[in-house]
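Should a chain be cited, it is by its letter among A, B, C, D and E, assigned in written order, with residues numbered from 1 in that chain.
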Amino acid sequence: MSKEHIKLSATAAKLWFGNKQVLKNVTVAFPQNKITALIGPSGCGKSTLLRCFNRMHDLSADVRIEGDFLLEDQNLYKGKLSATEVRRRIGMVFQQANPFPKSIYENINYGLKINNIPKDQRLGIIENALKESYIWDEVKDDLQKPATRLSGGQQQRLCIARAVALRPEVILMDEPCSALDPISTAKIEELILKLKKDYTIVIVTHNMQQAQRIADQTVFMYLGEIIEAGDTKQIFDKPANELTKNYVKGHFG
Amino acid sequence: MSKEHIKLSATAAKLWFGNKQVLKNVTVAFPQNKITALIGPSGCGKSTLLRCFNRMHDLSADVRIEGDFLLEDQNLYKGKLSATEVRRRIGMVFQQANPFPKSIYENINYGLKINNIPKDQRLGIIENALKESYIWDEVKDDLQKPATRLSGGQQQRLCIARAVALRPEVILMDEPCSALDPISTAKIEELILKLKKDYTIVIVTHNMQQAQRIADQTVFMYLGEIIEAGDTKQIFDKPANELTKNYVKGHFG
Amino acid sequence: MMKKLTPIIEWGTLLLTTGLVCFFLLAILWDLISKGSSSLSWAFISTSPTDGMTKGGILPAIIGTVLLTLITALIAAPFGICCAIYLNEYATDSWLTRIIRASIRNLAGVPSIIYGLFGLALFVQGLQMGTSLLAAGLTLGLLSLPYIIITTEEALRRVPNSMREAALAVGATQFESIRDVVLPSAVPGMLTGLVLTLSRAAGETAPILFTGVAFYINKPAGYLNQEFMALPYHLYMLSTQHQAIEQVRPLAYGTALVLIIVVFFLNLSAFYIRYQHSKHE
Amino acid sequence: MKLAIREKTDQAAKLLFRMTGLMVIAILAGIFFMLLWNTIAFFLKVKPWDFITGTQWSPSGTPANYGMLPLLVSTSLVTLGAMCIAIPLGIGTASFLSDYAGRKLKSVLKPAIEMLASVPSVAIGFLGIVVLGPGIASITGQSNGLNALNGAVLLAIMSLPTIITVTQDALEGVPNAYKEASYSVGANRWQTLIQVTIPAAAPGILAAVMLGVGRAIGETMTVLMATGNASAFPKGFFHSVRTMTATIAIEMGEVPYQTTHYYALFAIAAVLFLMTLLVNIVGEYFVNKYRKYQAA
Amino acid sequence: SDAGKFIKVKGSDTEVKLAVSLAENFYKVHADFSVAISGGGSGLGIASLLNGQTDIANSSRPLNAEEIVLLKAKGIPIRTVIFAEDATAFIVHKDFPLDSIDVMSLAKVLNGQYKTWKPLTGKDIQINIYGRQSNSGTHSFIRSKLKIEFSRDAKEMNGNAQIVEGIKHDRSGIGYVGAGYILNNGTEQPIKVLKIIAKPGSIAISPLDIKAIAAHQYYFQRPLYQFIPLTSWNKVSAFIDFEKSAAGQKIITTSGYYIIPK
């Protein structure tokens, strides 16, 4: 892995759902202002790992987590950071776009309100976030429209805007394009590439082409373990591991 | 198609589930004492067609059927035949073995009772049906055992025995082996081959090898239409249609 | 011959049973409406009983039932909703939550007369409220609680998890995500359950028998610490306890009709909420 | 620090919600111990055996008799009668709804059954007095129709919606495979219903019946109004009976608190509580069993 | 504020009709008072008195020894008001062959010694007794007056009205109700009121005979009581005063009860 400044990392992370171990000694690092793609066959634990970073497992009853998760040098679980603070600093975009059943405006405003951003600054932030997420032109005429009436691609970009508006340090994306058509996907990829200037981005994807198009670094997971991680080009062109090779060549998964 | 005596046939059959047309102008004939395999990709309408022949769709509310279905020269829908009579003369074996949650004995006895077969004849018929279905030796010691305690393969043979006991003229089988292991499958194939002496058999299968092993004639369906029908050997070795070729070579489906 | 008859017998049997069930409903409605509607008038619902309750209206009973139902709602709704939130949003599958769930199901099966006894022992005697509107309302509140919990939990369960995650992901605390996202989405379902429960409570008699309902009261409006009249009890009294049962039959019919109109109105509004909601989904 | 306050609120809310959960247990426990406490107070004065097997209920006689057997038998009699009517009707209607009725008919019948469920018990009791009672009286030539039969019919009407709804769920939960198997051997709809679907749904139907029984046992106003309330040992359906619930309803208002008679009524309530608890537990057992079976 | 003017009246079913009429008219002169009335029987009224759940306990019988002890034990001092007189009437179907009955026979009918009407009317039909529930003042009044235990087969009705209803349709029934229930808004109920022969040889007297009642000649006549806890006395005194006023007395007589001039 390269020498960049490491923004987010996990060390010897293990996770159990009840008795079932889903993450087995995962150590991984995500460099600042880079896009890292997380790939691997279905069920290998990509989503599970991602969700560890913004403490989404906190709500599930029978989940046990071991190991260290660090944002810069702060421990996400064991230090002084509260779950709420972790989630504010590490934003997340989900596989299925999940806008609130409220207006477009309220969708973004909600996070700002919750996080005590003064009222007079919010409109500016909202406009900015929508612009950053390439959706401003499509919605600027009616910010009061219910978000549920947007198309799937627009909804997903709105969710990205919602995450971006809070100026998190990291944005986690779990297959953000899997439910979208090629045109929406292209727009979102363009957006992700643009966002990397300001954010550290981790993206789970099943689409090998997508990983190669946008990721600086790629991590291959298999059965709850990191098999190989490195420059995207290297992973796809000269994978060191046989499993990685088989996977990226499309032989399984 | 060959010149054999046609036992069962459909002419210009069309079927809609609500507004969705699932069978589009299907014309097909099944010769007497032959085994016909019905093949085609998932969702093409094989089960739907099969169920037309023993009027299983009668029970669903929003199904509309057009066209003629004939058993010998009697119209299955428009003539004097009642649905129960049609079902008695055209037996059916389902994909998932579906014995009644009763004893082995009762499973076969039920149909006999329903069809007013005198009590004193039933035991003989039951024994005979179980023998015909190659399961007698395995169950003869305890006919009172719940059928649900039999293995999957045994259950499926019991279901065949249940159908056979009524001496139907035709037996329809909808993927009867798809849930079974190779050994059970072999037993059932052997049984089917034996049954053909007395019955006309139509079998839906996803297994190309199976079709080649047992069927005299093969019919290939695609998107609710019959693409090609003919001798099994011909269909598999020299298919006339490109689609058929692609399918039997395993290129899709 | 037999072959032709059997289907008729079969259909006949099922139609007969279903027909009988419908007949019961229609007979109830027909009898109440045909004999009750002549008593129904504006005066009937806007005046107090007069002439030893042989004439006049049922205003105090209507007011009593409305107030009682309101108190029931005020007690049971917040409590029930909080408990449902606990069960659906916080509780894990532990022995404790299993006990809570079992308790709720059993509470739902406890006969209403036993709630009456409990109300008598706890509110009237234990907490020194005396026989009063408040004691009766609290008793009905307890009775309604399990139903409200069950229906609310059902409504909460239908809110997709992605909504909760969306809120958490923008830095909301769990409480905030429930308050701002989960509850608003669940409101129609919760409201349906609440209204259905209240329609049931409005028709209950046994739990208020010894907790505060009175035969007659000479003033329409009630106070929390005082006894009250209520529609179901008024009907009971007019049909079994009144000195001139035959003579007040029309009043009893009128009362029954008003009661059933109140209950059906609540039911219909629940259906309406449900229907509106299903249309949006 | 605003965030700290928000997180404090979060913690406090969690605590509050949890408390309400615990309160539910407290309520059930409260009911239970209230009944237990008063029942013990009663048993200090009257022997449990005399209470359960005594055939005379006359608390203000001299000497007072606290034998609840006649009440228990009355309750059982009325419930039995109700079930004899409601079970066949309920299963028949549920079968019609699940296997015979078209979608349109169903969409009319379902709300009708919900309506029936919401008719208040006093209204049903009232009709028992003014319509059914005189009807029974004129058919049987009795002086009045306030008897066990009247109560049974009314309770049947009241428990029908429960029985129908739960039975219908059970019938619709029977895997289609069973029905298809039956049709494929030439059975018609009726034979399939009677010989395959209903037996397969038996646990669910039993649960429905149990819930119906629970409802009938605990119902107060209808029986109070319609059964005539004679506390003598019940002799049959054409005699007045007095159920446990009616006894409590009649006598609780008129006893001085903390007297033997007062405690006796709680003891009846305790028996009633245990009966409904048992019935519900049995019902739930079958519902669960049926769920498992459905999943399989 | 207004809680001080809120009066709970509970008890005797015999008196409830009267109490409702009184309260209704009381409201016309004292609109600030709210009076809640419940019936259920004298026992209920006295129990409520003991339980502290009533301001006035209506009763058609005096307190019994046990109740007096209980009141003492609970420290509830009371005042007693006798506000009217009632005559308990025995009623039968309007086609019943007899017009009068003597006390001895009545006792045998009610205690179950006679199962059929044969000894009295010569007709061998079963006697149906329409009685009151055990906590009723009337029930205990009849019991002590006749010195009997009621037959096990006696129906225990919850109110006078139900007895009247039952008797209307039952040709072999006999029941007892307060005189106030015989008259109903001036129209007489379609039932027959038996005259009572107190001793062999004495004349039969009807409970509707005002003069005989005034002369204390009817066998089953009794005062109607109101027991008031001392703590409620101030609150209810206005109501008691109203009962004693001319308007109140008129209501009592028009309702079918009697006033015994002191």
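The rule we apply is simple: a contact is a pair of C-beta atoms (placed from the backbone, for glycine too) under 8 Å apart; a residue touches a chain by one contact, two chains touch by 3 or more.
Keep in mind that what you see is a predicted model, and the values were worked out from it rather than measured.
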{"item": "Smallest number of contact steps required from subunit A to reach subunit D", "value": "1"}
{"item": "Touching subunit A and also subunit E, the following chains", "value": "C, D"}
{"item": "Cα superposition angle of subunit A on its copy subunit B, in degrees to the nearest 5", "value": "175"}
{"item": "Pair of chains whose C-beta contact count is the highest in the structure", "value": "C-D"}
{"item": "Chain of greatest Cα-centre distance to subunit C", "value": "B"}
{"item": "Chain of greatest Cα-centre distance to subunit A", "value": "E"}
{"item": "Centroid spacing, where centroids are CA-atom means, of subunit D and subunit E in whole angstrom", "value": "37"}
{"item": "Where subunit B and subunit C are represented by their mean Cα positions, the distance between them in whole Å", "value": "54"}
{"item": "Gap in Å, rounded to a whole number, between the CA centres of subunit D and subunit B", "value": "48"}
{"item": "Residue list for subunit E, restricted to those that touch at least two other chains", "value": "38, 40, 51, 158, 165"}
{"item": "Junction residues of subunit D, two or more chains touched", "value": "6-7, 10, 188-189, 253, 257"}
{"item": "Numbers and ranges of subunit C residues touching at least 2 other chains", "value": "125, 173-174, 176, 240"}
{"item": "Chains grouped in pairs wherever the two touch, ordered by label", "value": "A-C, A-D, B-D, C-D, C-E, D-E"}
{"item": "Of subunit C, residues touching subunit A in the complex", "value": "92-93, 160, 162-174, 176, 180-181, 184-185"}
{"item": "Parts of subunit A lying in touch with subunit C, wherever the complex brings them together", "value": "54, 56, 59, 61-62, 84-85, 87-88, 91-92, 94, 96, 98-101, 110-111, 114-115, 159, 162-163, 166"}
{"item": "Subunit E residues touching subunit D - in the complex, by the definition given at the top", "value": "38, 40-41, 43-44, 46-48, 50-51, 67, 70, 128, 133-135, 149, 152-153, 155-158, 165-166, 169-171, 173"}
{"item": "Residues of subunit C defined as touching subunit D within the complex", "value": "6-7, 10-11, 13-18, 20-22, 24-25, 27-28, 31-32, 79, 82-83, 85-87, 89-91, 96-97, 99-100, 103-107, 109-118, 120-122, 125, 142, 145-146, 149, 173-176, 178, 196, 199-200, 202-206, 209-210, 232-233, 235-236, 239-240, 249, 252-253, 256, 259-260, 263-264, 267, 271"}
{"item": "In the complex, subunit E residues that touch subunit C", "value": "2-3, 6, 8, 13, 16-17, 20-21, 23-24, 26-27, 31, 33-40, 51-53, 158-162, 164-165, 180-181, 184-185, 255"}
